[in-house]
Each structure stands twice: as C-alpha cells, then as structure tokens.
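Structures for review follow.
Look at the two complexes coming up: chain A is in both, with chain B in one and chain C in the other.
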Partner chain A sequence: MSTEVPARTQAKAASTSRHQMPGRESADRKQVTQGRWASVLLAPTLILLAVVIIYPVVNAIIMSFQKDAGLDTATGFFVQGGAAGFDNYAHWIAQQCNGVACPPGTLGSQFWGAMSTTFFFAIVTVALETVLGFWMAIIMARTFRGRSIVRAAVLVPWAIPTAVTAKLWFFIFAFEGIANKLFGQQILWTGSEWPARWAIIISDVWKTTPFMALLILAGLQLIPDEVYEAAKVDGASAWQRFTQITLPLVRPALMVAILFRMLDALRMFDLPYIMTQGGNNTTTLSILVVDQIRQGFNSAAALSTITFLVIFIVAFIFVRFLGANAVGAATSSGKK
Partner chain B sequence: MSAATATATRTAEIPVRHKKYDWGMTRTYIAAAVILIWCLAPFYWMVVTAFRDVGYTFDPTFFFTHVTWDNFATVFDERLGNHFARNLLNSVIVAGITTIVALVVGVFAAYALARLNFRFKFAVMGFILGASMFPGVALVTPLFQLFTSIGWMGTYQALIIPSISFTLPLTVYTLTSFFREMPWELEESARIDGCTQGQAFRKVILPLAAPATFTTAILAFISAWNEFLIASQLSSDATKTVTVAIASFAGSQPHVEPYTAVMAAGTIVTIPLVILVLVFQRKIVAGLTAGAVK
Partner chain C sequence: MRNTFSKYAAPLATASVLALALSACGGGSSSGGGGGGDAGSQNLDGRGPITYVQGKDNSNVVRPLVDKWNAAHPNEQVTFKEQSDQADQQHDDLVQHFQAQDANYDVVDVDVIWTAEFAAKGWLQPLKDKLSFDTSAMLPATVKTATYNGTLYAAPQTSDGGLLYYRKDLVPNPPKTWDEMMSMCSIAKQNNISCYAGQFAQYEGLTVNAAEAINTWGGKIVDDSGKAVVNSPESKAGLGKLVDAFKSGNIAQQAITYQEEQSRQAFENGQLLFLRNWPYVYNLAKTDGSSKVKDTFGIAPLPGKSGPGASSLGGHNVAMSVYSKHKATALDFMKFMTSAETEKFYATQGSLAPVLSNLYSDADLTAKLPYLPTLLTSIQNAVPRPVTPFYPAVTKAVEDNAYAALKGDKSVDQALSDMQSALQAAGAK
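So, the complex of A and B:
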C-alpha cells in the first residue's frame, strides 16, 4: 500500500491507467501501444478526410495548371487544352485574357472587385458581430429570470438554414417589405450597390451573431466571480473592470471566435448568391468560382486555389501573430 | 489586508450592492428584451407571412391576419413544378447518411484524441480543425469535373461525399471535447467492482457517452441539412435538397416572386430545427462551444 501514492502520481504523469504499477519501461511500452491504438482508431477518419478533401484539392491544383478547352478568341481555333503554366493564375491576378487585358464585364475582370468585396464583407460583418456578440454575451452572463429563454432564443437564427435566412431577409428588404414600411423609407435594397451590401451584412449579422455571443459567453463564464469582487473592493469602475479584467481574460476565447467567424465569412456564398445573385458589386470570391465553373473548369480551379490560399494565409496570420490558438485550446486537457 | 478587514469590507458592501442591483436589473431586462426581439422578430415575420393570403403579402399588420393554408399547398403543388416532398426526402437522405457516416467514423478518432497519448496528436488535431474551416468552393470545382466524368452528377453520393468533408471534422472536434470531460475513472471503478470490460463499456461508458454523441449528431445533422453551395452545384432535379429548392421556387403567379410560398417552405424547413434546438438547448450550446474555450 505504501507504494500506492507515488505510483499514482507517476501513472498520471504518463497518462496511463491508475491501477497499474508503471515503472519507466512499462510507461514507455504503454505509450507505444497507445500510439498503435491511436493510429488504428484515427485511420478511418484520416483516410476519409484525405479522400474527400486532399484528393480534390490536389486535383484542383493539377487542373489549375491546365488549359481550358475552348475557342481561342485570338486565333479563332478550337484549343484542346494542355499545359498552361501559370496562365490561369495570371488570368485572375494580372487580369490577362489571352494575352490582353480582360475586357470589362467578363468574369476575369471581376477578380479584384470580388476580392475586395469578400474582404469588405468579412471585416465589416465580423467587426459588427464581435461588438454585438460581446454585448449579448455580457447580458446573457448575468443572472436574471428568463435567462434560459434568451439563451434559447439566440439559437433560433443560428439554426435557420442560410438559404432560408437569405429568402427571409430578401422579403424583409423587398421594396414594399416591412423594413421600408417600418422606417418610412423607399429604398430599392437589392437594386443598388450600397443598400444591397448593407442588406447582406445585416442578414449575416442576424444569422451569425448568436454563434459569436455563445462562444464569448462560454469564455466569460470561465472568469471567476471573485476576480470581479476583488476589483470592486479595490474601487475599479465598471469600465476599468471591463478593460482590465474581462477583455484580457476572455481574449483567448474571443480570438478563437473571431478566427472561426473570419474564415467562415471569407467563404461567404449563400447570402449574396440568393439575395442579389452577385449583382451590384456583391460578388464574393466563392460566387465568382461558381460562375466560372461552367465556363472552364481549369480556370475555376485556379481561382478556387487562390481563394483557398487567401483563407489559409488569413488563418496563419491569426494563429501566428494574433494568438488565436484554436488547436491549443482543443488539445489542452479538459477540466480547468 | 487581514481577514477581519476583508470580512468587514464585504459586509459593508452588501447593502450598497443591493441598491445598485435593482437599477441594473431593469437595464438587464430591457437589454434581454432587445435581444429577444432582434433574434425572434424576423423568424416570427416568416411564420406570419407563411400563413397570410398571397393577396396581402405586403400587409404590415404585425399579427396573424388573413390566415390561410394555401401557401403550404403551393409549396407542395407539383403542377407548378414544385417537388418539395421530394426535396425534403432528399435532404433527409443526404443529411442523415452524412451524419451517420461522420459519427460512426468520427467516434473512434475522438476517443483516440481524447483518451490516448501519442505523437503527432497536435498535428492531427490541427489538420482536423483546418479541415472544418475548409472553403467549400475549393472542393466544388474539382468534384464537379470528377463527378461529370464518372457520371455521378446528380446522384446522392455526389452530395454526401463533399458533405462529409465538413461534418466529419465537426463531429471529431466536438466529440473529442465532450469525451475529454467525461469521468473515465468510472470505467476503472466498474472493472475493480467486478465488471468485465464489455459490461463496463455497456453499463458505464455507453450511458455517459450517449448524450454527447446525440448532441454531436444534432450539430452534424443541422450543418449538413443547412448546406447550400455544394448541393446547388452538384445536385440534379431528382436529388435537389430543400435549401436549393427554396432558393429557386415557383409561385402560383408566373414572374412574381412567391414570397408567401417561400416563407411557408422556409417555415416547414425551419420548425423542426427550431424545436430540436429549443428542446436540446443546453446540450447544443455545450456542443457549439466545446473545445473553443476550454
């Protein structure tokens, strides 16, 4: 019995089961068997993900270096394809259509517009959602009667399919719709650039702020009440408590929430595609890819690879420089 | 500060806090009401419009007026080219199979990530998280070409396979955080108390893991059910899912946007989800935020 206590601590350190007597060697062996077990258990998931994600992506990259079959507008001949080098990328990034600048109106000429629209939507929606979500989270963190009703209600916009959200707000923003009547306006919401953009932004904020609020709320609930009590005792004002305690302590959860939302917003498709069909400068990169698919796979593959890289770079910046440690948060041990 | 003065400050503070409390409460209730209205009013408006006569589409009356079931009849009217029953069935098939595959495969991976110690754990988790954030368009282009060339366009598997790309990572990620929170020591205790490994699994682990798995299934099902981008590109008329159908709906009058019918269709698609979400509210919130903050 006297060996029980050290054996336990050691067992915990090596994450082995408790009733064993782990000497150093048996702990190592345990690690090896656990490794084998892990690879067996993980194999189906990793193989399936390789088939449904890595294979198509590698395929897309290969496609992006091939010529699209079709009429060559310069010569009038039918081109069968073949290696294209970086032509498909130049087509989008340098706006080159068959060696000349892409004429306005073609899909090629819309690339930089779509890029800036995508980032505009992502930055504005995520900024609004963060502020609004933070506010909602602070309210929901308070103790009051009916709190669970509010927490259930915020799940409603989250659960509604985005396609339905798009149609719902399209109706709300119709010319004779409730939005114009409520505010005594006569705005053609989906008919011109800025109203259309704001209609999409408002719909997106409605739909996804709850997700943001719940993630921030979960972060807020990890802050012990005693910290606030202590600050109050020390005479910190409400604003000081917010900036000195709430913000720094909720920061890890907040950064992860912003990262998730940012990556989600950069691939925005459903709302603008259904509400405006990408008209009035609301075409995002995802919409441009989909528009391009039927005009040429390989060119679309190049564009989707660019989109993927852009999102990857943004994710990298967030994780590397802004400290959004999503993986760390997910792998660190559970109960705290 | 000595313990005595600390207690003194605390006691002195209580009446002050109590007075502030009531004023703060009023503001809290106003804020809660604003959140409730902001989240529920658009949804309420959809339901009201779904039950409103098409002639009063733009009637701004806030209550149920000119109530009719006609819009629901339009939704299912095959003569208008709407095949909503079929679309619903398609969505159930695609989202259902996707969820089952993701759960059956993902549960093993989640167990390994939550319970076992092995090299590259961090890398595997990173890969799975990255996969869940993967942009759908990057899959649509190569799959469009691949499925066209092997004749899979418009089949169920053409919708299920890409859906797995985002439901499986979500499933693994959520289940891992749930499993990590479970009291696995109980399994050992059951073994010590004389259970066989099988009994310990059936009587202890399974009942503990079932709610977590069920919650994860709901989250996976909702995300697959709500998918639009892939379904809009890779489905045919026969396999069209509800989200795609709603985006391109035919009404009783040609060339007029069938707002009321679309709202009726939206209501049909949304009500089951809303009920599911309200019933399992706590579990779903736990699942949504699992891993992101802990």
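So, the complex of A and C:
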C-alpha cells in the first residue's frame, strides 16, 4: 500500500511532462507561479508549526545545555548556572549527582528505573490492548441487533478523561475498595510494586482498548466480503480465513494503531501519577520530567529531550522496519 | 523507483513528526535565577491599585475581605486574582509570573513550603526597614516558616497543625506520649480494630509524618543554615518508632497506602483507635452521615517523647512581590489580611486556623471551632517542615527513603544515611 501512492504520483508527473512537451517554457513559468502560490498558502501553517512545535523543542534543547540555577551559599540567593555542556545528560544517563552516584531518594537515581518501567508499561498494555481490541473489533464488525449500541457503549471508557478514570480506579484499588471486596482479598494494590503495576495496567487497558478496537474495526471494514466468500467456497476454515485473509489485509491499519498506542503509552503520565504518584517503581519518564521541572528546568529539558529521542527511535523503527505508514494509510484509504 | 534518500527520509520525517507531536511537552520557560536585582529597593513608597493573588476561594473568605478593603481605600483598590484550587498549579502560576517580572502580582499567597524557594529566587520583598512587619503577636513556629536566612520574607496568614483523634469510648484519657499510646494498642486488639494510623503513602503527607517523628525525638532534617543533618541518633529513634509500630502491627499494613482521606475514612468507620490528622477531620467526623464515631471521638495534642509531639506545620503566608509598583499599599494590605479581625473571619468563615496566639482562647472562635485550644498546643510545639529553597528535592529525599524504611525494604540506618546523601545531592550541604 505504501508503494502505491508514490508510483501513482510519479506516473502522473511523467504523463503531464510528456503532454506539455511543446509549450515547455510557459509550463515552467506556470509551475513557478504555482510553486509560489503554494508556498504563500502553506506559509501560515508552517509559521504556526514553527511557533508551537519547533520553537519550544529547539528552546528545550538549548536549555538542556545550561546549568540549573544554583544557590550561592554566601548570599542565600540563586545564581544563573551558565553553560553545562553535556552535564545534564550525564546526570540522567550516568546517574551522576555533582560528581557522585545519585543516592536513593533523588530523581537522578530513578532514570533507568523509569525507562524500564515506561517500556514495560508500553509493551504490556499495547500487547493486551491489541489482542482485546482485535477481539472487540471482530465482534463489532459482525451484523447483529443492537450493533450501534455496542459500538457506542464500547467508546465510553475512551471518552472519559484519563484523570477521571485514574481517580475512579484509584478508589476501586483502595484497600477498602471494590476490587478487594469483590474478590475477598486484602491486597495493598497501591502499596507494593507488582500490584501497583498491574493496577495501572488494568486501568490503562480498560481505558484504551476501545481506541484500539475502533482503529482495527476501520481496517476490518475495508476488507471486501467477496474475499471471504471466495475463501469459503474454496473450503477454508474459520481459522484459515482469519490467518490468511483477515490478518494480512488488516495489517496496515493494525500497525498504525499499534504505532499510535505505542507512542502514546511511552509518554504515559496521568494514570500512574494519580494512582500511585510514581511510588513503588511506577514512575514513568513523563512523571520524572514533571517532578524534575519543579526542581530545575534545564535538567528537565535534558530529560524531555532524551524522552523525545527515545520516542523518535521507536517511531522510526515502526515506520521504517515494521511498515507502519501512518500518512500513506491515511491518504490511500482517503482515496478509496 | 525510490532513491535511498527518500527511502530513509520519508520514515524519518514521519517518525519525527509523530514523536514531536506526541512528546512536545517541552521544558517550561527559561530558567529562573538571579532574581530581583535592584527591584527590592524600588517603589517602597508607591501607593495605588494592587492585585492580590490566591488559590481558589472555595469558602468565600477572600472576596468579602477584599470588598471591605476596597470600600475603605478608594484610591488603593485591590483586585483579587483567583488561581486554580490545585497547589501545584498555584505554585507554577506564581513561578511563571515572577519569572516574567510581572508588576501585577503585587501581593501573593504562598504555601509555607514555597516561601524559602521564592525568597531565594529573589522574588519576595524582604520585610525590613521601611517595609518592616510586626510579627510579635504571632505564633513563633509560623513566623519561622516565613523567615529565610534570618530575614522575614512573608507574613504568616493561616496555620495548621496535626491533632491526635482518639476513641474516647475505648480510651477515656488520651495518651500523652508515644510509648503510652503504643501500650494502649492492646485495647485496639481486644476490640478487633487497628491501633494507630497517620499518612504513610509515598507523597507529601509522608514527609509530614516522618518529619514529626524525627522532630519529636529531637532530630532535625536540615539545620538553621540549611545543612542536611538528618543522619543522627535522634532521627533514628524517631523514624524507628514508626518502623517498629509497623512491624508490631500497631500500625496496620494497609496504612502504607493511606493519604489524609483514607485514614479519615478508616477512623470514621470505627476501624481505628488513634489517628493523626489535620483539624479538618473534626467537623467531618462530627457531621458526616457515614461517620460511626460522631459522639465517641476526642482530640488531643500529638503524643511525643515525654510530652506533646512536634507537629509539622501547614498553612499559608502572604508575601509581596519585589516587582510590585505600589509596595506601601501592598504592606498595608498585608497588615489588613493578617489583622485580628481578618484572622477571626478566616477562622469562622473558612475554618482556617489563625496565627495570632490570643485568638485561640477567643470565646466566639472556640464555640465555632472547639479544637482550637488543642490545636494551639500542637502549633506551639510545632516544627516547620524544612525551610529550604530546595523543598521539592528535600521532600522527595525524605519521602522515598522513609517509605522504604516503613515497608522494611531498608533498615532505618540505611534509610537515614541515604536520606542524608540525597539531601546533600539536592543542595542542602
């Protein structure tokens, strides 16, 4: 699907140039004016993007190379830190606090822990959401009475603001909460590491599976019924139809859905922040950034730049090697 | 045919756009620093309209006060700017406006734990010489929260301290010391309820509770010059008491997840013999429909080593921005906001504890807030949470290591030595 679009555009470009061979000069001029018009029309968008995205990101990168204001012990006032080189990055990656290893109880000591927690959450939640979302999508794709009600109902968790969801699950997983009452357990959900992690995973899966399901459903509906009918005629079993037809044909949509969820999960913030405040090893990179902002902007800028690079690498791997072509899929499905 | 460039460029571009869009949270505005500079010596005599900035006025206390002031001062009108009701957002809003050197944030309400930070950034006007402020009638612990490096930077406005809630139907006389309280835990056992709870989840409340334990046994987290001194035998004794209580079951295991509200609920459900909490619990436990202890609970000062314990302090201070153009008016308004009459209104209308000690025996007030005399003992014995410009890092160091000790992941010795190193790494050395 990804090769389809450029090929078509190239063919079009070739045909236009062949057609316009005779009046080449005027065509060139026309193209130049068109190009100018295009840039004029695009300018507002580009300027807006520059202001709201590029400027803050570049500014954050510049800040990340400056020292945080330090206290002048003689006067008791803060003084500007000056240039830091790669110190802020070393602080996080090598976990160095003023030349010594960061002791427990500092944000610096939590970097690698937060990194692995973030990836753990991202991989586990996206895996669960993909499987459950697929299942929900298959159910919703069938025709049955009350299908529209089911589709609307499925969307409810996704429609609730995450902060509200988090508070809701916070109460459910309280010691005196519904979860313990229901199963007759006395688990300290937010009081120890693995229960806290599972509590967050459960809430996240509950909330975002509908998003996954809808994206996959959109992919499923693009598969023509005739393909299934033909397979049935050929005697393919239900399982064969699923693995040989559904899976390959829904793959582009599925990859885009996984890509979106993955990037989303890598910056997970509100759920763990509200449910555990990052306690019991549930601190994600985003929580670490926000905590650091209160202690010093420049170091936080370095951390958010690191986070950006990590997300960038993951996105690159998805787009380049796993063929999740978000833009391509959008345009080609738009054309159909 | 695709050339190599587009083979890599297209995914690269897509990936970067996605990553940008999804991670562009940025690092906030440029760094703070040097601060006020000369601003602290300018506009000392300025008079004119000013703005008062405070968090959401939920119980409608500030608006009537501002109206009252405005009626009396037609040429020095005060505009009330209401912030959100979230403390973190209030803090960030103040930081942004101070960094922008906004002259329109004349008088600001600051949490006791932010005062040192803002003072060290050079954003708060020192209250001395022409702008000196009389704090002699105020409770000394509250004045300490407003003092940084020996200079007063704010005026205490409201206060708050911890109280011991107990079941008077089970324990006729409240314990005076911690050890006495622990010896009463057999009563809890007989009645099949938990003995004691405070706030031990990993958040600011744990710093409050751990600091109380440490201070009560004579330890300190940072000393008066801001140096970390937590690794001491006194701190070990204090934190050790909490750890032992967890080990022996006198503090139930679920208390490790308690914040203020969960601990209040447990007490109101009749599942707790003793509870450390703030005064706000008093009215709720008396009036909540679901409260099972309406008529069977009493209050006492926190139990200590040999007398009342050292409560941590809550509350707010009112301060003046160095960038204000009308500092003389600002000072008058600060005096008005901390006057006896205003303090009384704060107490009756907003249930906020006064900072003037003589109001604690005022008949009108004690009729409305019966816990005031007990709270006075608490605040008289209180030790402010560390007064340091690095408060966010300091509280993190205390909270993380105390939590590990309470859970038994670390020995008390290890926790305190880690706490000491973390405080030093945070800048308290």
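Annotations
Methods note: the second predicted complex is superposed on the first by the 281 of 336 C-alpha atoms of A that agree within 3 Å, B and C clash if a C-alpha of one lies under 4 Å from a C-alpha of the other, contacts with A are read in each partner's own complex, and residues count from 1 in each chain.
Everything below uses one rule, namely that a contact is a pair of C-beta atoms (placed from the backbone, for glycine too) under 8 Å apart; a residue touches a chain by one contact, two chains touch by 3 or more.
Note that the structure is a prediction, hence the values are computed from the model and not measured.
On the superposed chain A, the positions of chain B and chain C overlap enough to count as a clash.
Touch criterion met: A:280 reaches chain C, while chain B stays clear of it. Contacts of A:57 after superposition on the shared chain: both chain B and chain C are touched. Contact with chain B, but none with chain C, is seen for A:35 once the two complexes are overlaid on the shared chain.
Touch criterion met: A:301 reaches chain B and chain C at once. Once the two structures are overlaid, the count of chain A residues touched is higher for B than for its counterpart among chain B and chain C. Note: residues 53, 56-57, 59-60, 63, 174, 176, 263-264, 267, 286, 289, 293, 297, 300-301, 304, 307-308, 311, 315, 326-327 of chain A belong to the chain B contact set and to the chain C contact set alike, using the contact criterion stated above.
Contact residues on chain B toward chain A in their complex (touch as defined above): 9-10, 13, 25, 28-29, 31-32, 35-36, 38-40, 42-43, 45-46, 49, 57-58, 60, 101, 105-106, 108-109, 111-113, 116-119, 121-122, 124-131, 133-146, 161-162, 164-165, 168-169, 172-173, 176-177, 180-181, 185, 188, 192, 222, 225-226, 228-229, 232-233, 242-244, 246-247, 257, 259, 262-263, 266, 269-270, 273-274, 276-278, 281, 284-285, 288-289, 291-294. Those residues of chain A lying in contact with chain B across their complex are 14-15, 17-19, 31, 34-35, 37-39, 41-42, 44-46, 48-49, 51-53, 56-57, 59-60, 63, 135-136, 139-140, 142, 144, 146-164, 166-169, 171-172, 174, 176-178, 181-182, 206, 210-211, 214-215, 217-219, 222, 232-233, 252-253, 256-257, 260, 263-264, 266-267, 269-270, 273-274, 285-286, 289-290, 293, 297, 300-301, 303-305, 307-308, 311, 315, 326-327, 329-336. Those residues of chain A that touch chain C in the complex are listed here as 6, 10, 53, 56-57, 59-60, 63-64, 66, 68-71, 76-81, 97-98, 100, 102-108, 174-176, 186, 188-192, 259, 263-264, 267, 276-280, 286, 289, 291, 293-298, 300-301, 304, 307-308, 311-312, 315-316, 318-320, 325-327. By the touch criterion given at the top, residues 1-2, 6, 8, 11-12, 14-16, 18-35, 88, 91, 120-122, 148-149, 201-203, 253-254, 256-257, 262, 265-266, 269, 389-390, 392-393, 396-401, 403-404, 407, 418-419, 421-422, 424-427 of chain C touch chain A in their complex.
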